[in-house]
């Protein structure tokens, strides 16, 4: 039913990978309400599907569907211009932004967008989150940068994300008056970045409510970031922004 | 047991619709604690039942019953003067306000009232929530307005809601010192507005704690609102306030 | 096993009532973490057991037991001097305060104590919560008063509660640097007051973070309180503080 | 599978105790997300295993594993230099800090580390939490102290914890720009301290947002602490910091 002619044109390995990614992306959406990052139908997760010798695809949430109603089959497949390739529903209205990121950042395998409260609060002031926590240095290697104000409807959101993150260690950008977009090696890594950017936005906000947080020396930030990207975890966390 | 003579006077299609709406309104109440909008027995959801060639009815929560104890059968049916038509319990003490809205805003099919924390905090200061988030422009098309102080017991709450929302794009009004009322095409749409008004009230509050949020140009608000009301979702979201 | 000689001296109606109240008080403790009022083992609920022609008893939580481990049998029965009458565990270290309230406020049937965050934050400043919300006027009939600083170990906490609440409409007192105690017709009513006092402490706190909430006229507070105590709910909510 | 030669060198009583502690430490990790202290894979719990006539061991969480995937078998056993003794995964990157504490504070049986929001917010400002709540006096006997800024990778975090807590009544230290470490008689006691330090950091933060909390006299703090450590609970709570 969801196998339209669009996807039939792809080799069977790609079609199988699409089905695997549909299940994965569907499951990862559950992490967004679990960590308090979204309400109602807001927020979306996507993952790139690499097509050997062709143009890559992406799998993303359908538009305006509540989290309880998401199923692997309802996930939508698009090409990297954001055109529908497979799926019975309209793709998320943020698909063009996700697609632009995949087109222009080949190392990125996953993208997440939320309106998580504290990250969005910094975005509404257009103020970057300063790096005053060791866990920020670990995860983001410095401050969380602000992207431009951009209207939905063309590639201006995607361009804003790419231009802000291209030369940053951060896997998260706070789009002005809008909210955070995060990138990762894959969708799970981008979801982790979405969870962590809200956590650090919240903690630094609360710290600043009663005074100025103490700065961390740039050399300490550098060594924390280097160590975390290379040593932490079970050896599977090479950085998306090397 | 809940089929009193009051409802027996209505045609069977209306009686069947009442039973369907009872189940729907009962289920939607679960969304209020789920999204942290109510404690204990506070808050209520209602939906209009259209009566062809007659006066419409409304289905609403009984008064003072905890959310765990709500059942479809316990939902109360009233006419648009707020008189009991069917039900073994007293209707919510906010029924008169809901009924007044249905009487004076024929396009409204659902009404929700909560005391959700951040929306009520703005209401206690009598201060509208400024439109500084793209998701506010999408959902509400501008600021969330303040309604007058009004005592319960006559139609002054209902009048305050109608007079404030009649000429507004917003589906939410913050009644002064009291809390938010939201309207929608149906009860689910009004519940969504209740969830979203708390979300934007919270995010803008937090943003303003550390400085002034950046304004969004009115022309950008207009184009975001127009797009969202017409394009977003799966084609089922015509605005209640066109 | 929990039927010690202490309880055997009471008539069977009282012993049956004690067992009923044990189950009720045990269940009501689950409301405290549910509404975010307590962490770990903090907080306690008690209910009076009336003894016709004798001195009343009270049923209360054992000391230092986590909420997951509470059972009806583990609930402790004491007399109104706080002496153990029945139970295999030590009673809550706040038992003396509960007992003092029951002794000196005969209309009180339930007492709850928590360290809920926002109520305790006002208590730490020794500042009453002003009545700027209609739901506060409904539930508490005015501001939430502050009780004195009192050390645990004698009847000074109990005296502080009684002296503060005796001439107040409020069913809640914020003991200075300590936290809220609430009273009610029965334990459930006192639990409701504990939930509502945190809700209003939180909402007024948040409102005041960005400016001064608008006052409600005393005459409006009076009429809201009178209506709510007499009309609201299903006719079972006569006020404990008439 | 997890029984490597490392552990085989220990007597059977120790090996049995290790298995018991693995299950316990695994279960206690569930308390961290339950009380909102951690997101994703952050945070770790350890417990000492006493080895009669030899050097003690510790059991700790593996590195970078999400809470849903933790099992007793995945818990890692190390010696008190932080070397792996048993386990199929790399130990938490905070193992050196835990090990240092066990080596230098023989009375400590459990250590917990989180980045809980409010405690970390105080840590980012390098500001101790003043003792203005009776529950702080009970649990911590005074303010929550600040430890030095320390990089991960050698024993500087461990030294900072030990030097700060050695002469303090507090079972919690806020490591500057980093987050809280707590100690206890055993892992459960340290988890309780982690829950309570966030609770008091949050409540005092919120209190101070609208003014200065009232101080508690030192003599009152002393008597509250003495009573709580000796009397509270069911007689099993001798203090780790006497």
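Each chain gets a letter, A, B, C and D, in the order it is written, and its residues are counted from 1.
Operating definition for what follows: a residue touches a chain if its C-beta (ideal position, glycine included) is under 8 Å from a C-beta of that chain, and two chains touch if they have at least 3 such contacts.
As the structure is a computational prediction, the values presented were derived from the model and not from experiment.
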What is the minimum number of touch steps required to go from subunit B to subunit D?
-> 2
If you list every residue number at the subunit A and subunit D contact, are more than half found on both copies (same) or fewer than half (different)?
-> different
What rotation angle, rounded to the nearest 5 degrees, superposes the C-alpha atoms of subunit A onto those of its identical copy subunit B?
-> 90
Rounded to the nearest Å, the gap between Cα centres of subunit B and subunit C is 33
Measuring from the mean C-alpha position of subunit A to the mean C-alpha position of subunit C, what distance in angstrom results?
-> 47
Return the residues of subunit A touching two or more other chains; collapse runs of consecutive numbers into ranges.
-> 209
Okay, what are all the chain pairs that touch?
-> A-B, A-D, B-C, C-D
For the subunit A and subunit B complex, residues of the former touching the latter = 39-42, 62-65, 89-90, 93, 115, 117-118, 120-122, 124-127, 149, 151-153, 176-179, 205, 208-209
In the complex, the residues of subunit A that touch subunit D are 35, 132-135, 192, 195-196, 199, 202-204, 206-207, 209-214, 216, 220, 223-224, 227, 231-235, 237
